[in-house]
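What follows is a structure written as C-alpha cells; I'll ask about it next.
Chain nomenclature is as follows: A, B, C and D, assigned in order of appearance, with residue numbering initiated at 1 for each chain independently.
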Amino acid sequence: MWLRTKCDMEFDIAVPTPFILMLRLRSGAQQWVASEKYRLQPNVPVSEFTDTYGNLCQRLIAPPGRFAIYTSADVRTADHVDQAPGAPFVEVEYLPDAVLSYLLPSRYCESERFGQMAMSIVADRQLGYDQVKAIETWVRNNIRYEPDTSDEPVSAMEINARGAGVCRDLSHLGIALCRSLSIPARLVVGYLYGLQPMDLHAWFEAYVGGRWYTFDATQTELNGGYVVIGYGRDAADVAIYNQFGPAAYPTYQNIQVQRIEESDV
Amino acid sequence: MWLRTKCDMEFDIAVPTPFILMLRLRSGAQQWVASEKYRLQPNVPVSEFTDTYGNLCQRLIAPPGRFAIYTSADVRTADHVDQAPGAPFVEVEYLPDAVLSYLLPSRYCESERFGQMAMSIVADRQLGYDQVKAIETWVRNNIRYEPDTSDEPVSAMEINARGAGVCRDLSHLGIALCRSLSIPARLVVGYLYGLQPMDLHAWFEAYVGGRWYTFDATQTELNGGYVVIGYGRDAADVAIYNQFGPAAYPTYQNIQVQRIEESDV
Amino acid sequence: MWLRTKCDMEFDIAVPTPFILMLRLRSGAQQWVASEKYRLQPNVPVSEFTDTYGNLCQRLIAPPGRFAIYTSADVRTADHVDQAPGAPFVEVEYLPDAVLSYLLPSRYCESERFGQMAMSIVADRQLGYDQVKAIETWVRNNIRYEPDTSDEPVSAMEINARGAGVCRDLSHLGIALCRSLSIPARLVVGYLYGLQPMDLHAWFEAYVGGRWYTFDATQTELNGGYVVIGYGRDAADVAIYNQFGPAAYPTYQNIQVQRIEESDV
Amino acid sequence: MWLRTKCDMEFDIAVPTPFILMLRLRSGAQQWVASEKYRLQPNVPVSEFTDTYGNLCQRLIAPPGRFAIYTSADVRTADHVDQAPGAPFVEVEYLPDAVLSYLLPSRYCESERFGQMAMSIVADRQLGYDQVKAIETWVRNNIRYEPDTSDEPVSAMEINARGAGVCRDLSHLGIALCRSLSIPARLVVGYLYGLQPMDLHAWFEAYVGGRWYTFDATQTELNGGYVVIGYGRDAADVAIYNQFGPAAYPTYQNIQVQRIEESDV
C-alpha cells in the first residue's frame, strides 16, 4: 500500500542547541520512499551522516526562538506483515556478524536479568519464531498499553514492575525477553497506518529463521502499514531527536499517516 | 542558492536486467535535500544500501519492456565554491585513515604512471592547493572539453593520449595527476547549474589543507551551483547506473537544473 | 615501555557453548603489538570479525569438557599517560560523527539520570578536561574501590547507590557523569602494569580538546603501562568473553603483566 | 595443517618516507593465527587501522637509513582447498550488498573490456563454478607463469597482450574475466606452502554458490596450504607495502613457509 506520512514538530529554543534528528525515512528491502520533504524553519545549515545501524541522521544547531521541523513522505510499504510460525531459532554460531550486537543488553533492555522470566513465558514453545510470538502475547496480556502517558524512556525492568507503558516500553520488554533467550532483537521506530491515537510508533523485530520479523505487542493483529524511520538496540539509539544542553520539549507536534493512491505520489 | 534538479531516463529492456542505481542525492555538509522524488515505471521492488563511500544505492531488476526512472530534488547548495590558494599539502602520515584509499591508483586513474608528468606541471608551485590548481589549469588548457562525445569511460592515460574528452575524462586525468603527487583526489558526479549543454556532470575534489576542495577543469571559473549525487575513486565507483547482462542504453534522457526560490520548495 | 601480558582462562563446559571472545589486543596509535600468542585447547575452529568499535572478536563453540584459552602479547605502550589540564570542551556540533554514539546512555551508564549530580560535581570547573578530572576525583573519593568483589556488571545508578565497586563499576559511573555533560566517554578494557592485585582492568576515556584522554578512578596517579584490549560504550560492548546458553564461569584464570626489555621481544 | 610463515624486508631509505604496510595476517573463517611476531628496526611509532576490505594496515614513517621489517606467524590453515564443481552462479540481485563492489572494473582488472573473450572461454559451461574453473584453466594454458619477472603490477589487458606474467598478473586476468560475466572476483595476497620458488603469492577468489572459492592459475592442482594476508579488488588495494615519495625498493627480502606441528606453536 502507499502511505503519506507527516511529522511536524515545533520547539521554543532558549539557547543555541545542538540537535541530532533521525527523520529521513530509510529505504530498504521493505519500503520504498518515492517522495520526501524535509524543511526546517529557520533554514539552518544541516549535515547528514549514516550511523552504525544504517540510519540517516541530521546534525544542526537550533537557534534561539521558534524552531520548526516539517517532514513528509510518500512510501510504498507491505500490505501484509510477513509472519512465519515455526521459523527456527538460529544458533548463535550461525548468526551473521552484524546481528550479534543485537544479542547484548542495552540501556533500556537489561536482557541479562530476564533469563528465568523468559524461560517460563516460552515454556514448551518451539525454539524460534514461536517463542517470540509467545513473548509478544505475554507482553500484550500483562503490560497495559497506555499511549500518551510517558515522555522519558524507561527500561524493561522498570516497565515490568510498573505493568503499563507506551509502545516503546512494551517493545523494550519484548526485546529484553528475546535477547535473554539468545534471540537477536531490535527496536524499530516509525509510523503505523491506522494507529489509535495517531502518533509516532515503536515496535520490535526479532531475528529467527534467517531474517528479521516484525512483532508488536500493542496491536492485537499484525496488519500491514508499518513505515520504518530507523532501528537500533533500543530507544537510546533510535531517537527521533536528540538534543544537547537544556532540554526543549516540542511545543507542537503533528503526526499523520494517510493512505494514498499510487497515482497521487 | 536553491536548485531544482531533474534526471529522467528511459530504457528499452530485452531481458530481466539487474540494475544498481545511484540517483538519490546525498545530503551532507555541503548541500541539503529539502525535497526529493524518485519514481520507477513499472513500479518494481527496490532495496537500498549505502556503499563504502557513503553513497545511497538502489538495487532492482528491470523487467522486459519500457523501464523509466524519474527523479527530481530541491536542494540548497553553496552560492560560492570554497577556494583556498595556499592551503598546504597534508603529509601522508597526517591524512585521516578514511582518506588514504583516494591515494591509490584506480580503474580510470593510473596515477602510478603520471609521476613525472605531474612534477613538470606543478614545478615551482607551493605544495598543496596551488599544485592542484596548476593541474586543473593544465588539463583545461591541454585537453579539449568535448561534451556529448563519449559513452564509455576511458582512463587518464587514454584521455591524455587523445587530447579531448568529456567532463568525466578530464576529471580522471586531474585525479591521476594529483594522486601521483600523494594528494588524495576523488571523482564527484552530480549536477551543475548553468552547465552548457545541460547534462549530468562530473568534477573532482582534492584533499588539501585538511579538507576536500572542488576543482573542475571544464569550467573557466568555479561558480556555485554544484549538486553532489555521489563520489568515489573514479567512474567505476560512481556510476549513475550499473546494469548487468546485455547492455541497454537509455532511449531517452532528460536532465534539468533550474534555480528556484526557497518559497518554492 | 615494553610489557608482556598474559591472560589464561579455563572453563568447565557442560553443553556446546557459543563464545565470542575479545582477547586479541588491538594495535593503534597508542600501542604496538610486536608479538602475540593465542591458543585454544581443544583447538576448535574460530572465525574472527571486527565489531563496530573496531575491536577484533573471535567466535567459536566450546565443546563439553575442559576448555582453555591461553593468550599472551609483547606490547610497546606509552611510558606516560597524556594529560591535558585546560583542554577545552568540544561543542557537540564539532564532534566527529563517529564519536557521537559515546554521548548516548547505554546499558550500564544511565547518563540521562545524572545531569544534576554531574553539575554539582564539576561546579566552577573549566569546561572540558578539568570537568572530567573533577569527575574522576569525585568517583575516587566517594566510591570505594573493592577489587575482586563483583562478577556481574552493575550500572552507574546501582554503583552510586552502593558506594563501592570494582574498576569497571567506577568507570561506568565516571562515564555516565561525563555523558550527562555532553562529554563523550567510553569504557576501555585491558591491562595495567603494576595493578594490585593483578587482574584484567577497566578504565575510561573522555573526548576533550579534540581527542580521547585516559582517566582511571581506581588509581591515585595516572602512570604509564596501560594496554588496551578493546573499547566500547560500556561493559555490555566490551566483554572479554560473551557466552550464550547455560553460564560457565572460569575455573581458572591467570593474568600477568610484566615489564620486559625491547631485546626480549 | 600448521604453517610457520615469515616475511622479512629491508629498505635503504633516503628521505623520511610514509609507508602503509599490510603484513599482519587476518584471521577469519579460513585460518587461525595462533602466534604472530611483527618487529620494526628502528622501532618507529606505528598506528593500525582496518581498511574497507577488513585488512589490518600499519602506518608509519620510515626514517632515513636502513629500515627493516620482520614478521612471522604460526597459522592453522585448511589441509584441502574447498572445491565445488557445479556450484551455481548467483544472480546479481541475490548477491550480498558487500559483494557488489567486486563486480566493478578496477585498476588492474578492466573487466568491461573482456565480455566477448570471457564468453568464448566459458562457452557451454554450466553457469557458476564451472565457468570460473574454465577461466582458471584458460589462463593457466595461455598465459605463461614466469615468477620473478616483474616488479610493477600490470593490468589484465596488458598481461593478456604480453602472454606471460607473475602470479598477480595471472590473477588479474582471471578476475577481469570473471567480472565480465557478472561473477564477483577478488585478489588475495598471501603465502602458499610449497610454492616454487618461494615468494609472496597472489591468487583469486570468485563468489559462486553463495560463498567465495579459491582459484589459482599458477598451480596445476589446488592443494592446501594457502595463508591469507589480505584481499581487495586488485593489487592496488592489496599491497604488502605502499610507500609515498621517492620509491625505495627492498634491498633484502626473505619469504619462508614451513610446515610445523601443532605442538611447535
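Remarks
The rule is simple: a residue touches a chain if its C-beta (ideal position, glycine included) is under 8 Å from a C-beta of that chain, and two chains touch if they have at least 3 such contacts.
What you are looking at is a predicted structure, and each value in this text was computed from that prediction instead of being measured.
Path length between chain B and chain C in the chain contact graph, taken as the least number of steps between touching chains: 2. Rounded to a whole number, the gap between the C-alpha centres of chain A and chain D is 43 angstrom. Chain C and chain D have centres, each the mean of its CA atoms, that are 36 Å apart. Here the spacing of chain B and chain D, counted between their Cα centres, is 30 Å. Residue positions of chain B with contacts to 2 or more other chains are 49. Taken as a contact graph, with one node per protein chain and an edge wherever two chains touch, the assembly forms a single closed ring in which every chain touches exactly two others. All chain pairs in contact, by the document's touch criterion: A-B, A-C, B-D, C-D.
Against chain A, the residues of chain C that register as touching in their complex are 18, 20, 49, 51-52, 57, 59-61, 91-93, 97, 100-101, 103-107, 109-110, 112, 152, 182, 236-237, 242, 244-245. Interface of chain D with chain C (complex): residues 24, 26-29, 32-39, 43, 45-50, 54, 56, 58, 76, 262, 265.
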